[in-house]
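Some notes on the structure that comes next.
Should a chain be cited, it is by its letter among A, B, C and D, assigned in written order, with residues numbered from 1 in that chain.
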Amino acid sequence: MSNRQYGSVWKDDAPGSGSGNGLRDRIYTIIFESDTPAGKFFDEALIFSIILSVIVVMLDSVSSVKASHGDLLYSLEWMFTILFTIEYFLRLISIGRPAKYATSFFGVVDLLAIVPTYLSLFLPGSQYLVVIRVLRLLRVFRILKLVNYLSEADMLIKALRASRQKITLFLFAVVNLVIILGSTMYVIEGAEHGFTSIPTSIYWAVITLTTVGYGDIVPQTPLGQGLASVIMIVGYGIIAVPTGIITAEIAYASKEKPTSRVCTECSAEGHDADAEFCKKCGVEL
Amino acid sequence: MSNRQYGSVWKDDAPGSGSGNGLRDRIYTIIFESDTPAGKFFDEALIFSIILSVIVVMLDSVSSVKASHGDLLYSLEWMFTILFTIEYFLRLISIGRPAKYATSFFGVVDLLAIVPTYLSLFLPGSQYLVVIRVLRLLRVFRILKLVNYLSEADMLIKALRASRQKITLFLFAVVNLVIILGSTMYVIEGAEHGFTSIPTSIYWAVITLTTVGYGDIVPQTPLGQGLASVIMIVGYGIIAVPTGIITAEIAYASKEKPTSRVCTECSAEGHDADAEFCKKCGVEL
Amino acid sequence: MSNRQYGSVWKDDAPGSGSGNGLRDRIYTIIFESDTPAGKFFDEALIFSIILSVIVVMLDSVSSVKASHGDLLYSLEWMFTILFTIEYFLRLISIGRPAKYATSFFGVVDLLAIVPTYLSLFLPGSQYLVVIRVLRLLRVFRILKLVNYLSEADMLIKALRASRQKITLFLFAVVNLVIILGSTMYVIEGAEHGFTSIPTSIYWAVITLTTVGYGDIVPQTPLGQGLASVIMIVGYGIIAVPTGIITAEIAYASKEKPTSRVCTECSAEGHDADAEFCKKCGVEL
Amino acid sequence: MSNRQYGSVWKDDAPGSGSGNGLRDRIYTIIFESDTPAGKFFDEALIFSIILSVIVVMLDSVSSVKASHGDLLYSLEWMFTILFTIEYFLRLISIGRPAKYATSFFGVVDLLAIVPTYLSLFLPGSQYLVVIRVLRLLRVFRILKLVNYLSEADMLIKALRASRQKITLFLFAVVNLVIILGSTMYVIEGAEHGFTSIPTSIYWAVITLTTVGYGDIVPQTPLGQGLASVIMIVGYGIIAVPTGIITAEIAYASKEKPTSRVCTECSAEGHDADAEFCKKCGVEL
C-alpha cells in the first residue's frame, strides 16, 4: 500500500478498510493503485488501450483506410469506448468520494475521453474529438514511478506560474498590438489585396508577428510591405521578451535551494547554507 | 480619497476642494477616480463601452455583416463616438490642468479614439482607425487596482529600457544587413524571378531574416538559393542576440537583492529580508 | 605516440608492440593516429576524399549534371566507395579489438558510409544515402587537435544531457498538444479545406506551432482562423520554454567555479584558481 | 585636437605638424577629425550624401521611377560617385600612412562604395552593389561621439567572440544535419514532388529547420510529411541552443567586473572586491 506522492492524492478517498465491501476494495486497488501485480497489469493494459484507440481514430479519418477497413475501425472504436465507460463507472463506484474524483483533472479527462463517441450518434464527426484520450497518458508518469520527471515538471510549472503575471501582461500587449496593426493594414491594403475585413487582417497580423508566415495573405502595396517589414522586425525583437521572462524564472527555480534545515525551537525554514543561528528566533541551529 | 500610486498622477490636478464648484469636483471624482461607487460604476461602464465599440468597428468591416446590419452598426459607432467625445470634454473641464492631461499618454489616446469617426465624413475608410480605442483599456490595470501587474510591468519596461542601446545597435546592424543582402539578391535574381526592385528585395530579406517566410517571393537560381540558405542560417543565429540581451536584463532586474542590513554585534552581512536575528551570532537585528 | 585525449580512445586497442606483426602495427599507426607524417598525410587525404565524394553524390543528383557527366560521376562514386571499403577492412584488421571498433559510433558511421552504394545495385536511388559520410568529418576535430572545440562540445553535450528530462517532458506536452489541436482543426475545417485527415491536420499543427508556416494547408473558416491565431500565440509563448531550459543549463555549466581551497590560517574560502596567498589574511596557501 | 578613443586610431598617422605642408594638414583635420567646425560640417554633409546616394540607387531599381526620372537618377549617381572618389583620394593623400588606411576596414568599405559604379560601364547591373555605402554610416557612431554605444557594441562583440567556438560547433552540426536530412528527403520524395536534386533538398531542409518555411517546396508523401514534422520539432528544440550560448555569454559579460585594484608590491591585477591581501604576493592591499 506504498502509494507514494502523486498516487497518494486519492489515498484518503480509499474505501474504509474496515468495511465489509471486499470487492469494492479490490477494484480500488487494481484501478487506482499500481503496486499489486493486478494493478500493474491493469495500468499497462490501460496505456496500451489508450494508444491503440487513438491510432484507430486517426486511421478512421484517413479516407482511403476508412474505405477499406471502415467497419473494423468502427467496431474497435465502440469496443474501446465501452471498455473506457465501464472503467469510468468502476472508478466512480470504487472511490470513497466520487464527486471529488469526477471534478478532478483526471476525472474530467476520463469523461471527455468517452463522451464524443456517444455524441457522434447525434453529431456525426464529433467522434474524432476522443483524441483527448492522449491526455489520459499523463498517468504514465505516476504509473511508471517517474518521480524524477514529476519533480522536473513541478519545477517547470512553478517557473511558468511565477511568470504568470508577466506573460499575461505580454499577451495583453500582443493582443492590443495585433488589433491596431491589423486595422491599419486593413485601411492600407483593403479587401482587393486579401485583407477582406479587420478580423482577417488581425489574423494576418498574428501570422506575421509570430513569424509563422503562411503567405495566404500578403501585403501588395509598397506602403503595406513597408509596414509589414517594420512589424516583422518588431516581432523579431519582442519574441525575445517571453523567452527572457521564462529563462530568468527557470534559471532562478533551478538554482540550489536554501537548505532544508529547520529550527528546532520555532520550526522556521529557509535558512541560508552558512547560517549558524535561526533568523527568526536567534537560537543556535 | 485613497487614490494610490498610478491614480495619484492626477491628484495635484484635482480642482481645489475649497472652491465653490461642487459639480466640477463631483465630475472629477467620478471620471478620474474609482473609489466611490459612482466612480467604480463609471469605470466599469467605460471598459464595457470601449470593448463593445471596438467589436462594432470590427463587425462593420466584415462585408456580409455590413450588408445585413450596416445601419445599426453605423448608428452604434456614432453613439459611442459622441459618448466618448462628451467624456473627453468632461475630463478636460473637470481636471485642474487641462493642458497637462491633453498632452499626456492617456490624453492623446483619448483624443485619437474619437477623431477617426469625424474624419471619416471627409475620408471614407478612416473610421476603422478608431480601434486605437483598445489602448484606452490599459486603464484597466489602474481601475482594477492590479498593483502587482503594474510593478511587473515597471520591471519589464525597466529591463527593456536598460537594453535600449544594445537593441538600437542590433536594429542598426539588421537594417544595414537587409539593405546589402536585398541589393545583392536583386543583382543575382533580377526582376524576372520576383525581385522587381531593391526595396522589394529588402522586403524579401526582412521576411527571410526574421524567419517569417511568406513564400510570395522566393529565389529560383541555384546561386540565389545558396545565398538565401546562408541568410537563413545567419538569421537563425542572430535571432539569439536580442533574446540574449533582454534575458540578461530581465534576469538581472528580477533578482531579489539581499538586504544591506548589517549585524550591530558581529557586522555580518547578507541577511534575508525576513530575518529577525543575525544568522551568524544570533543577536536580534 | 602522444595520441592524447580523444585519440587515446583506441590506445589500448593498439596491437601489442611486442608482436612480430610490424605491418599491422604500421597500418594502425597510419590509420588511427595522426602524429607521424604518414598518419597526418593519411588523415588529410581522408578528409579531402570524404568532402569530394559527398560533392560527387550531390552533383549526381542534379539531372542536368548527370546528363552531361553521369559516367564520370558514377566511376568516381565507385572509386571512393571501394577506397573507403578497403580502409574499413584495414581498420578492422589493424585494430586490437575489431568488435569494439565495429560497434563504436565511428565504426557504424564508417560502415553506413559504404553500404548504400552496394545497396544501389539492388535498390536504385539508395546510393544518395552515402551522404552520411559527412559524419565521418567529425574526426576532423580529433585530427586537427582542436582540443578547445572538444571541451566546448563536451560542455554543450553536458548541458543538453542535464536538460534531458525537461526536454522530454516538453516534447511529450508538444506531441499531446498537436494531436488534440490537429484533431480539433480536422473537425472544424474538414477535408474540403485541405485538412484531409487527422494525421494531415497534426502535420498542419506542427507546422503552425513551430512557426514554420509553409502555407500549403491553411484554415479558411473564421472559427478555424481564430483557433489558429490562438495556437500561434501559444506557440510563440512556449517556444520560450526549451530556450529557457537550455539557457539556464548552459549558463550553469559555463560558470567558472571558484576553487574549494580553504585558508589553513583563517579558514577563508572562495579563493581564485590562480591565488597563491589568502586574500583575507595574506598567508601562503 | 582632442580626437578621443576611436577617432585616435588615425592619430599617429596625422602628417607631421612641423612640416610646411599646411594644406595637407588642413585636409586631414577636416576629413578625419570632427572637432573643428569645418570637420563637423564635412562629416554631417558626408552622412547626408551617403543616405541620399543609397536612396538614389534604390529608386533607380524601381522600374516605374526609372522610366520617369532615369536620367536625373543616373546623373545624381555619377555625381555622388565622383564626389566619393575625390574624397577617397583626399583621404589617401592627407593621411600619414596611406597603405594602412587603404587596408583598414573603413578603407576597404570606402573603396567598395565607389567601384561598382565604374564597373557598371562594363557590367550593367553591378551599380546596385554600391549600397555597400550604408556601411560607411558606421562612422556615425564615431562622429556623433556615441561613446556609450561603442562600449555596448564592444560588449556585444566580446560576447559573440567568446561564444565563437560554440557557435562554430553548432553551425557544423547544423550543416551536417541539413545535408543528411536533405538527402533522405530527396530519396523519400523525389523529383516529382519538387525535391529535384540533393542541393535543392538541402535548401528545403534549411528553410524548414530555421522555421522560415516559404512553402515553395513541401513534402507530399505521408512518410515525407512525418519526417518533416520530426525535423520541425527538432528545429524548434535546437533553435534554443545558440540562444542559450549567447544569452549565457551576454549575461556573463554584462556582470560587474572584478575590481581594478592593483597590488602596489607586485602589480598583480584581478583581485576580488572583498580581498584584503594580494592573492599573488600576500602583501596587504
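Everything that follows uses one rule, which is that contacts are C-beta pairs under 8 Å (C-beta built on N, C-alpha and C of every residue); 3 or more make two chains touch, one makes a residue touch a chain.
Nothing here was measured: the structure is a model prediction, and the numbers come from that model.
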Shared touch partners for subunit B + subunit C come out as A, D
Farthest chain (mean CA position) relative to subunit A: D
Interface residue identity across copies subunit B, subunit D - same or different by half: different
Roughly how far is subunit B from subunit D, going centre to centre by Cα mean, in whole Å? 31
How many angstrom lie between the centres of subunit C and subunit D, each centre taken as the mean Cα position? 30
By the touch rule stated above, which residues of subunit D touch at least two different other chains? 199, 211-215, 239, 243, 245, 247, 249, 251
Spell out the residues on subunit D that touch subunit A in their complex, using ranges where they run on. 211-215, 243, 247
Quick one: in the complex, what on subunit C touches subunit A? 165-166, 168-170, 175-176, 179-180, 183-184, 186-187, 190-191, 196-199, 208, 211-215, 218, 222, 225-226, 228-229, 232-233, 235-237, 239-241, 243-245, 247-248, 251-252
Interfacial residue positions of subunit A with respect to subunit C in the complex: 54, 57-58, 61-63, 125-126, 128-129, 131-132, 134-135, 137-138, 148-149, 152-153, 155-156, 159-160, 167, 171, 174, 199-200, 202-203, 206-207, 209-216, 239, 242-243, 245-251, 254
